[in-house]
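First, the structure itself, so that you have it in front of you.
Each chain gets a letter, A, B, C, D and E, in the order it is written, and its residues are counted from 1.
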Amino acid sequence: MNRLLPILTVVAAIVVLWYGAAVWLNGPWVQDQAARAGVTVSGMDFVGQTMTQDRPVLPAPHQVIKGLYDGVAGQAITSKKSLIYHGWITLSGTLLGFVIGTGLGILLAVGIVHNKAMDLSVMPWAIASQMIPIIAIAPMLAVVMNSLGASGIVTKAIISAYLSFFPVVVGMVKGLRSPDAMQLDLLRTYSAGEATTLGKLRLPSSMPYLFASLKVGIAASLVGAIVGELNQPAGLGARLLSGSYYGQTVQIWAALFAAATMAALLVVGIGRIETVTLRRMGMAR
Amino acid sequence: ADDVTLQLKWVTQAQFAGYYVAAAKGFYEAEGLNVTILPGGPDVAPTQVIAGGGADVVVDWMPSALAAREKGLPLVNIAQPFKSSGMMLTCLKESGVATPADFADKTLGVWFGGNEYPFLNWMSTLGLKTDGSAGGVTVLKQGFNVDPLLQKQAACVSTMTYNEYWQVIDAGIAPEDLVTFKYEEQGVATLEDGLYVLEANLADPAFEDKMVRFVRASMQGWKYAEANPDEAAQIVIDNDATGAQTIEHQKRMMAEIAKLTAGSNGALDEADYQRTVDKLLAGGSDPVISAAPTGAWTHQITDKALQ
Amino acid sequence: MSWLIFAVVFWLVAWGVNSYAARVAGRNRWVRLFVPTLFGITVLVVWEAVIKGLQVSPIILPPPSAIGAKLASSLPVLWGDLVQTFFKGALSGYLIGCGAAVLVAVAIDRSPFLQRGLLPVGNFVAALPIVGIAPIMVMWFGFDWQSKAAVVVVMVFFPVLVNTVAGLSASDRMQRDLMATWGASYWQGLWKLRLPAAMPFIFNGLKIAGTLALIGAIVAEFFGSPTRGMGFRITAEIGQLGLDMIWAEIAVAALAGSAFYGLIALIERGVTFWHPSQRN
Amino acid sequence: MKDTLQQNLPVIEARALGLTFQTGDGPVDALKDVNLTVEKGDFVSFIGPSGCGKTTLLRAIAALEHPTSGTLTVNGMTPDEARRKRAYGYVFQAAGLYPWRTIAGNIKLPLEIMGFARDEQEARVKNVLQLVDLEGFGKKYPWQLSGGMQQRASIARALAFDADILLMDEPFGALDEIVRDRLNEETLKLWARTNKTIVFVTHSIPEAVYLSTKIVVMSPRPGRITDVIDSPLPRERPLEIRDSRAFIEIAHRVREGLRAGHSYED
Amino acid sequence: MKDTLQQNLPVIEARALGLTFQTGDGPVDALKDVNLTVEKGDFVSFIGPSGCGKTTLLRAIAALEHPTSGTLTVNGMTPDEARRKRAYGYVFQAAGLYPWRTIAGNIKLPLEIMGFARDEQEARVKNVLQLVDLEGFGKKYPWQLSGGMQQRASIARALAFDADILLMDEPFGALDEIVRDRLNEETLKLWARTNKTIVFVTHSIPEAVYLSTKIVVMSPRPGRITDVIDSPLPRERPLEIRDSRAFIEIAHRVREGLRAGHSYED
C-alpha cells in the first residue's frame, strides 16, 4: 500500500495535467470547426468536444484507455485489431533478439575481459555502433535479410539484438571485472586456470551487473523489435505506423501504452528472475 | 505452380485491389502461379527490394523507377494498370490559396522518397523557388498523414485522390472548405503504380512466361475489382494484417482507384511514358534523371498477355 | 575469391599486430590509440574486400570507398544537415532535457513520497518507444528542429533524472552525518556534499542520454521535417537509391555521436577526477 | 557567575537512556538503561565488544540518533540544540574526507558552513594542519595521502572550529601500532592544551587505559554500561606509563569487565 | 631417505631478495636485500609498520608477486612450482569468502578446483568446520555470520586441502580484542596439532610475540628485515603467558625494533 500510494498520486497528477493539455491542444480544432460551421461553442460544450474527437491532437486519458480496452478485451485475440495479437508478434521478435543480443554481449564481454587487444579495440567501436540511427539501417537490413531468405522475425530479432547487446557488454565487462584482487589471488594460490576463474569467480560475481543490464537490454530489445516492425505488416510497430498513417491518434497512443506496458512487464519479469536467482545464490539479503 | 513474389509500394489498401482480388479469386492459381504479395510502407523502397532479390516484380511509380535505372538498377516497366495519376495538392481555403499563383510564400507539404519530383517539376514550371527563399514556397517533408493541414502547419499538403483527401474529409472539413490541384489537371502528372522487373530476367523465357501469366491474371483481377468494388474492398480488408483499415474507407478508395485504372488495359501508353520522361528531364533545380532512358519499358509481356 | 582471401589474411594480420601491440605496450598512450584505429581500418578493409569478392550490388551495400568519396564530395550538404539535426535539434534538446532532469531531481529530492511515485512512472514513460512519440511531437511542435528537440527532451529526461536521484543519495552516511554535526543547512549539504557526490552518477546519466540524443533527433525527422537534416536526407535519398549518401550521413552521425560522447566523457574526467574509476 | 554555573554543570548527562532500533527482524535494543555523567575536561573512553552500542551512544550524544527513552542533556540542552550551537567536533572511524576537496578544502568545509571569514579560515587551516603535523599537505587530495595521514586530517577538521566537545569513534582503528601510539600521545597533548571534553570509542584496552580519565565498559545485547572506572593515573602520561603497575591493574580490570560481558558466539 | 632430506631442507629460503614495483611516479622498492630461512614447523610472524613490505613478502612466497632480484625457494623449488604443486594455504586480511557460496561451498571451492572426489570433499569440509568450531554453520551464507566467524571460515578454507605451508596476512586485523585472543589460542592449537609451517603477518606486537617461534621485524622505505627474534617461549602457551617477564621482554625488543625502523612522516 505505501508503495502504491505515491505512484497513484503521481499518476493522478499526470492524468489531471493530461486532461488540461487535451483541452488546450484540442481546443483550436474545436474552434476552427465551429468557425467553419459558423457557430460558437463555449463552456462545457467546448470542453466536452475537446475530449470526444476522432482524431484529437492529444487524446484524453479515457479515450486512450478505451482504445487499450478495445484492443485488449474487445477483440478475439486472433483478430488483427487485437493488441494482444500484435503484442505477441512484437514479443516473439523481442525475446528472440534479446536472447541473441544477450548471448553476443556476454561472449564479447568475456572476450574483452580475457583479451587485451579486444579490450582496447572493441569498446570505442561498440560505442560508435550505437550512434548509428537504427531506423535508417532497418529498411536496408530488411532487404539484405530478405535476399538471404530470412523471415521477418529474424530481421526484427537482429535489430533487437543490435540494440540490446551494448548494455549487456558494458554491464558484463564491469561485472566480470568486479572480483577484487584478493578474490582473484585466492584462486591463483589454488593454481586455478582462466576457465576455472571465469566459472567459479567472474561469472557468479557478475550476476548483479548482468541483471541490471538485462533490464536495460530487454527494454532496448523491445524498441528494436518495434523499429523492425515499421516495414512489416503486423506487430505493435506496424500498429503505431498505421495509426500515424491514418492520423488515428487514439490508435497510436493505445499501441504506445501497450508497448510501454509490455516493457514494464518484461523488466518486472527479469526483476523476479533476478530475485529468485540471487536468493538461490545467497546474494539477496 | 510457379512462385512469384510481388512487392507493393505501400501498405495493403484498395490501391492494390487488383492483385489481392486476383489472388483471392483464384486468377493466379488458374494461371498456375503461386503469388506472394508483400505489403510496402514508408520504410520500404520497392527498388531496393527487387535489387536485393526479395521480389520478382514490384509496383512502383515511374519517377523512382527511372531514377533507380539511372543509378544502375535496370528496371523495366512491363505493365501499367494505372492510366492516370491520383496525386494532388489539397489546400485549406482559409489559407488563401485559390490558384497556383497563390503558392508563393506558402508552406506546402510534400512526400519525399522519390515522390517529390513531379512536385519540384511543377514548381519550376510555375517559376517558384523551393529553396526557402522569399517569393518561393517553403517545402515540408510531410509525414504519413494529413495532420499538417489539419493543424494548419501547412497551407497545402500532398494527397491522393483515393486516400489522404478522404482523411481530410473524414476529419470533419467540408469539401467546400478545400481547394485541390490535381497533377493530372495541372499537366504535371507522372505515371504511377506500374509493374517493374529486372531487365536481365526478361531474357529468360521461363520468367517471361511467368510474367505473361502474372500480368494477365492481375489485369483480370483489376477488371473484376472495377466491376465489383465492394467485394474488392472486403478482400483488401481481409488481407490487411495491421487491422487498421476500415471497410467504408476502402470502398470509397476502390471507387476512386477504379477511375484511375479505367483507361488502362495494362499496356503502357507510349505517349504517357514520354510525357513522364519529359517532366522528369525538365526537373527542377536537381533533375531526377539527366538523360532520356532507353529500354525502360517493354510491351513484350503485355503483347502476349492481352492478346 | 582472391578478395575474400585477402580479407581473411588482412584480418588475421591486423589481429596479430593488435594482439602483439596490446600485450607488449598496452599502457602506452599511442598504442591505446593505435589498436582501436587499426581495428576500425580492418573493419573497413574487410567490408570493402567482401563487397568486391561477393560482388554485392552497391544498391544493397556500397563499399566504404564509395561512401568516403561521397562524403568528401558532399561536405557542405552534410554540414548543413549536421547543423540542423545535431546542433539545433539534438543539442538543444539534450541541454534542456538534462538541465530539467537535474532540476527536477533536486526538487523531488526532499520528498521520498514523490520519488517513490515518480521513478516507476518515469521508468514507464522512458519505455515509450520514440517511434511512437516522434510523430506526436511533430504534430505538437511543428516541422522544424523544435519538435526534434522535444523528442530528445523526452528521451533524455528520465535516464538523467533516475541517475541524479540515485546520485543524490549516494553520499555515504558518515559524510552526511558530518554535515549534521556541523549544523549545516539543507542547501549547504546539497551544494557542498550531495551534488559533488552525485556527479559520477549524473555523468553516467548524461552519457546514456548522449547516445540517445542524436538518434532521437534523426528518427524524429522521419516523421516530418523541413528539407534539410540528416533524417530528411536519408529518407529523400532512399527514393533514388542514393545509398552512398545515406551511408555518408550514417558515418557522419556515428562520428558526431562518438565525438559528443567523448566530449562528455572528457568533461566527466575533469569534474569527477577524484572518483576511483578515474584514477586507475 | 554564569561561567561558574556552566563549570559545575555536567557536560553530558544521560539518565536511564534507552535506544531501540526497529528493524526488519524486530526491535534491537542498542542501548538500555544507560546512566552516565561526563564533566567538563573529562577524557572518557567507551570500550566493549563489537555491537555493544558504543557508536550508538556516541551518535546519540551528537544528536545523530534519537533516544527512545530516558533523558540525555548536553550542556544542559538537548543534543539537537547543542548540535545547532555547533558544540561538537566528530571524528568518525574512517577518515571520511570528501575526495573532491583537497586536505585544506576539507578542513575549510565546516568553517565555510559556519560562516567564518575567509582569512580566519586560512589561518585556522594553517594552524590545525600544523597541530596534526601535516604542514605542506594542504594542497594534496585525500587519496594521495596514507591512511594515517588521512586520519590525522580528519582530526584536524574536527578541531578547526574549536568545538567544546570532541567525539571520536575509533579514530585510530585502522592504524598500525606505532602510528597509533604517536597519535595517542598527540591526542593527550592536545587535550591537555585545550582542556576540551573528549569522548572516545575504542576496541583496544591499552588505548582506553592510556588515554582516559574515565573508562566506560559496555556489554552487548542489550547494549548497557557494566562498569565505569575512574582512572587514578596522572594527567601527564608518558608512553612508559603503560608498563606501570597501576596501568596493568586498570587494564586487568577492564579486561575482566569485557570478558564477563562477552558471549561466546562471536 | 628422501623424507629426511626434505626434513632438513628449509621450507622457505630467501637470499638477497629484492622486489621493485614500477609505478607512475617511478620505482618503489617494496623489498630490499631480504634474507630469511624458515624451517619446517616454524611459526613465523612478520611485523612492521604499514607499507614495510610484509604483504609483499608473503605474496612473493606464494608466487603472487615476482621478485626482481635475489633468489627465493620453497621446498627447494621456485615459488611458482610450489604453487602449482598446491603447497600453499593463503588466508587474506579480510575473510574474502565468496558471497554466493555457503560456508561449506566456500570451503569446498579449492577442493573442487583441485579435483578431490565428492565424498572426500564432504568429509574434509566436515572435518575443518569442526576444527574451527563452526559445525552446523556449513549451510549458512557468509553474511549470516559475524566477522569473527567469517574469519574462521576463511581459515578453514585454507586448511581444507592440507597444504604444507599456511600463509596468513593479518587474518585477525578486523576483529576486536576478545575475539582476537580466542582465535589466537585456536591458531596455536591448530598449529600444534598439525605441525604445519605458518607464516603470519600482523600489526600487533602482543599477537606476534604470543604466536611465533620466530618474529621478523621489518621496516619501510625500502622494505627490509631489521631484526629476527627467535622466541624462547615454550610451544604450549596459555593466554596468561602474556603477563610473564619473558613475554614482556620480547615485546619490548620488538617495540624497540619497530620504533627504530619507523620514520615520522606517516
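Worth a mention:
Rule of thumb we're sticking to: contacts are C-beta pairs under 8 Å (C-beta built on N, C-alpha and C of every residue); 3 or more make two chains touch, one makes a residue touch a chain.
Remember, it's a predicted structure, so these values are computed and weren't measured experimentally.
The fewest steps needed to get from subunit B to subunit E, moving only between touching chains, is 2.
Common neighbours of subunit C and subunit E under the contact rule above are A, D. The chain with its C-alpha centre at the largest distance from the centre of subunit E is B.
Annotation: A-C is the more contact-rich of the chain pairs A-B and A-C, by number of C-beta pairs in contact. In terms of their C-alpha centroids, the spacing between subunit D and subunit E amounts to 33 Å.
Each chain gets a centre from the mean of its Cα atoms; for subunit A and subunit D, those two points are 53 Å apart.
Averaged C-alpha coordinates give centres for subunit B and subunit D that are 85 Å from one another. Here the spacing of subunit C and subunit D, counted between their Cα centres, is 49 Å.
In subunit C, the residues that reach two or more other chains under the touch definition are 60, 135, 139, 222-223, 238. For subunit B, residues that reach two or more other chains under the stated contact definition are 42, 45, 48, 51-52, 143-144, 147, 151. Under the contact rule defined at the top, the touching pairs of chains are A-B, A-C, A-E, B-C, C-D, D-E. Contacts from subunit C toward subunit A in the complex involve residues 15, 18-19, 21-23, 26, 31-32, 35-36, 38-40, 43, 60-61, 113-118, 120-121, 123-133, 135-136, 139-140, 211, 214-215, 218-219, 222-223, 230-231, 234, 238, 243, 246, 249-250, 253-258, 261. Subunit D meets subunit C in the complex at residues 59, 62-64, 83-86, 88-90, 92, 94, 96, 98-100, 109-110, 112-114, 141, 143, 161, 167. If you check the complex, the residues on subunit A that touch subunit B are 29, 32-33, 36, 54-55, 57, 79-82, 85-86, 135, 138-140, 142-144, 146-147, 230-231, 233-234, 238-239, 241-248, 251. Those residues of subunit B that touch subunit A in the shared complex are 11-12, 39-45, 48-49, 51-54, 94, 143-147, 150-152, 167, 170-174, 177, 240-244. Subunit A contributes residues 182-183, 185-192, 196, 200-201, 204-205, 207, 281-283, 285 to its touches with subunit E in the complex.
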